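Given below, in the form of structure tokens, are the structures.
Both complexes shown next keep subunit A, but they swap its partner, so subunit B is in the first and subunit C is in the second.
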Partner chain A sequence: MSENKLNKEQLLLDLLKKKFILNESAVRRAKRVEVKVDPKEIIPVLLYAKENSRYISFAHMSCVDWIEDGEFEVVYILWNPEDKINLFVKTRISRDNGVLPNIDFIWRQANTYEREIREMFGIQFEGLVGRQEFILEDWEHMPPMRRDFDTAEFVKKTYFKRPGREDAKDVREFVQERTDEELPDFAKKYSRD
Partner chain B sequence: MAFFDLKGLLSPVTGLKQFGKKPHTIMFPDVAEHASDRYRGLHFNKLEDCIGCGNCSTICMNEAIDMIQIAGYEGKKGDSGLRPRVDNGRCCWCALCVEVCPTGSLNLTKDYIFVTPDANDFLWTPGIDNKEKGEENISFYSDKETSLSDYSRVPMRELDGDVRIQSFAEAVLGYNEEEARKEASRCISCGLCTESCPDHMHIPEYINAIARENDEDALRIIYDNNPLPEMCGKVCTRRCEDVCAMTHRGDAIAIRWLKRYATETAKNAEIIKEIVNPEIKEANGKKISIIGAGPSGLTAGYYLALRGFDVTIYEAKAKAGGMTFYGIPKYRLPAESLEKQVGYMQSIGVKINFNTRVGKDIDFKEIYNNSDAVFMGVGFEKPWTLGITGEDLNGSLQAVTYLDVINGGGDMEIGDKVAVIGGGNVAIDAARVARRKGADVTIVYRRRVEDMPADWEEIEGAEDEGVHIMPQGIPIEVIGDKNGKVTGLKFARAEMIPDPDGGRPRPKQIEGSEEIMEVTSVIGAIGQEGDYSFIPDDMKNQIKIERGRFVVDENKQTTLPKLFAGGDSANRTADAISAIADGFRAVKAIEKMLMK
Partner chain C sequence: MYNDKESQKIVDIIQNYARKHSLFILAYGTGCGAIEIPPTMTSRYDAERFGIRGSATPRQADVLLITGYLATKSLKRVIKVYEQMQDPKYVIGFGSCTINGGMYWDSYNTINVLDKYLPVDVYINGCMPRPEAVIAGFVKLQKLIQQGKADGWDIYKKNIDEYKANQKKIITNWVMPDFNF
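Entry: the complex of A and B
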């Protein structure tokens, strides 16, 4: 899309740049603006977007586990129904005991998202009121959406296999038998699980 | 509340403004519900496209997918014959199985209603149990562009054609560490390739070792059943890559180049020995003689020596490697590389008697009587001639003879304009060598370029180096001057006649299309055969030979129990990896026969 067609997107970005310290910012494409801010800037940016720029709709909130960086990235997605633009506000906190401000006084429905993220990733929201248990019942493991949670291992321990599945074959072993290939023991650790 | 609430009275009436508008609801069940475009419903598998690689089953975190045998799907090279069965009671419709399906046969459909009183009914095979609601209902399919799998091969760096023809330097440069790790991590470790490899090398394991940054383990795994892996890493016919799961929608994993990378990390014979560090069994006193130090003979020698046998290889020439030394040009397989691999074999106890031609320098019968077993890997040494007039002229020669002289360090006068006749790898090799010797080279081949049995990379390489290819040309006569020196090649054009039996089209000479090409040499490369004159006649009667090849059983045993054979003179595939496989199989059989 040519640049003059992205006027509204650019305008919003310039406005935010003037008002706040943005770590990163970009017009990703038409109808999509992304900014990255520090956690302490979250409430001011969201409030400003809602009250001053008509980003009145809270569309979504999600979380990404950047395990390699030791950080969580929380993404707030806002929607301006007049300009039809999505504003992505991203912030990063430490994976260990990271805390974010609660924003459910700005949009009431954020409460639900925050409870889900608290349960699935273990991120605490300061002042969040609501039952600890959200979807999971009697959960005693690591929050399951963290990338270091071993889903396959959990599944193996927790569930039994339905009867009638005993005839399953391992592809590698099946082909090996057909060809009389003799795989030495020390090589087996490199075979597919 | 006020007694007269105007708003309360009017509100229900405002609903009337919707009157006549299209409703958002549907009249269920008269109107069917419509799922969104990328809806992730029940699985559907196109069983004919599926190759049973099991990638879906491996990625499933819920262990919902089993690979099972299904009647009617037998399995063949490149297809395990297994097909996925889904436990829908476990599936969470994340669609990772679809995302990583290399063929794109597995999909999710818009169909999501499945009602049953028996929970065990949730176990069913996509493509069989939902045939009728399957194919036309597909909504979530794997998109190559956004896939988690990488379908593009890491490109191989090589010298440019005009640089290549200036010397016999190796044309392909090989992967560096970063490239190798990247290429290795594309592999999905299904192992279907191992079936196509005549030697059944442990391909997914050594590739995974490279991906996990353990090159030494990769080398150890490779040496488990191939003692000439660097040679294979450079020149193998790599049938493994033809059936790679990734070829269905992208480039095959560069299995050959990855093997080359792993073997080249060991710079010399000592380092190979240090890394592979094989267990050498105590001498068992049995004596094995091997005729020919080609790939099959060397393989048999290496693994027999490791198993404690006293091994002696008799080689007619000055260097080991057979056709891989004297046939394959040095720009594809440098002499140092072979010497390194053979040097390692010698260091673990393989004895090679060079310049010892059996039947001339030493008697076959003597070897046979003094050994507990004999393995023959004598190859095809004798080139076929074209069978046309003028072939005895000075300047008419055979490609294997020419390559033999050049690879042996000698030289041969061929002039500056050469015609090579044939379309196999030997023809291309001879053409590219002649090009490096400064000649203008034309390959004359009876059929079309796409019919050439040579490796497509070799054909492309030859074209890059300025070799002309003249397809559909039938040689008729080699023409010479009064001194008996070649001056030209008379050939005719051919048209392709389709084979009614479905074979490849046959060339038919076009009447009156004869032309004469001015050349200084004609190099024939239309095939070779074995020379078994070293076997005395009274023994030959007991050894069954059919169509120029020794008849052997699956143990590579000939009709004489003590005598085994492998390589070109005993198999029909006639490539190095088949020869290695023959040698390896013979080792197992010899051990079983002598050590029971």
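Entry: the complex of A and C
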């Protein structure tokens, strides 16, 4: 990839660098720019991207559970339909009682994503309107998308099992043998046995 | 045996003959298997040859098709629907998800074994079953009806306490009226 082709991406990155304090920033490849900011910088960065840099479309918002660091990473994905560039704005908050600013006054559809993340990961958003219950019904346990929620144990406890599938094997060990890669410790913890 | 006069009265044979040739399915798609129903119904496979056709409401329906995985949330609705249907009623478990959980066997919100919660008359295996398999399942159900063996609704009445206990184990906030006969 020649330097000229990444002009627009670099321009955006320079603008953001000048304006805000970025923890980490990079042009990952063509049409993809990633920046990491503090939670309190989220609203200024998103507003700036929307109003000044024409990142008018809110494509997606998702969450990653970094259990090893004790943090959640929330990713806001914006899309500029003129330059055709994706802007990834990432932020990290503490796993226990982390609070993020609510952004549904910038894009109304963010409300849906935030409610889903609130239900599936237990992250609270300041001043988020909407029922606490979103997709799950009468859920009384830990938010199910957290990595410390033991799904296999929960299924064993809650649902019936029809005999005849005991020969199902753990695929991770097979993959480990084939690729000569070490199975990480956190994966061993949640193994089937 | 098709017309077994020793085990059934002649009235039952006529009644069952009529029942098996007009199976009205409830058009309630619960999982991804519902996508196999349109080809089964339309001109390519034309299930209406067998007297199988859709109906609009639970009150008019004979057959409840559970097409695929059932989340605990939709199980609540399915039970509500099943109890509104009038006797005789039949349940067909459709796809491997209803048999042993299929690919959702370790999901936190899908049930694994359907016949613990509702009386299933016929299971159709496959992920997904092709329309041929669906029709084969219906023909099997028709045979059972003719023999007077498709009596899941009767079993449900007799073992209502057991079924209710299993259902309430999952549906913690039970807001529906209890089924009474």
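In this text, the second predicted complex is superposed on the first by the 162 of 193 C-alpha atoms of A that agree within 3 Å, B and C clash if a C-alpha of one lies under 4 Å from a C-alpha of the other, contacts with A are read in each partner's own complex, and residues count from 1 in each chain.
Here is the rule we use: a residue touches a chain if its C-beta (ideal position, glycine included) is under 8 Å from a C-beta of that chain, and two chains touch if they have at least 3 such contacts.
Just so it is clear, the structure is predicted and the values come from calculations on it, not from any experiment.
With both structures placed on the common chain, the touch criterion links A:Pro101 to neither subunit B nor subunit C.
Of the two partner chains, subunit B is the only one touched by A:Asp167; subunit C is not.
When the two complexes are superposed, the chain touching more residues of subunit A, out of subunit B and subunit C, is B.
When the two complexes are overlaid on their common chain A, residue A:Gly130 makes contact with neither subunit B nor subunit C.
When both complexes are overlaid on chain A, the residue A:Arg178 reaches subunit B alone and has no touch with subunit C.
Using the contact criterion defined above for the overlaid structures, shared-chain residue A:Pro143 touches neither subunit B nor subunit C, since it reaches no partner. In the superposed pair of complexes, A:Ala152 makes contact with subunit B and with subunit C alike. Shared interface residues of subunit A (contacting subunit B in one complex, subunit C in the other): 151-152, 155, 159, 161-162, 164-165.
For subunit A in complex with subunit C, the touching residues are 136-138, 140, 144, 149, 151-152, 154-155, 158-162, 164-165.
For subunit B in complex with subunit A, the residues that touch the partner chain are 52-54, 57-58, 61-63, 66-69, 75, 80-82, 85, 87, 89-90, 119-120, 122-123, 188-192, 194-195, 200, 202, 204-206, 208-209, 212, 217, 220-221, 224-225. The touching residues of subunit A, counted against subunit B in their complex, run 151-152, 155-156, 159, 161-165, 167-172, 174-176, 178-184, 186-188, 190-193.
Against subunit A, in their complex, subunit C makes its touches with residues 72-73, 76, 99-101, 105-109, 111-113, 116, 166, 169-173.
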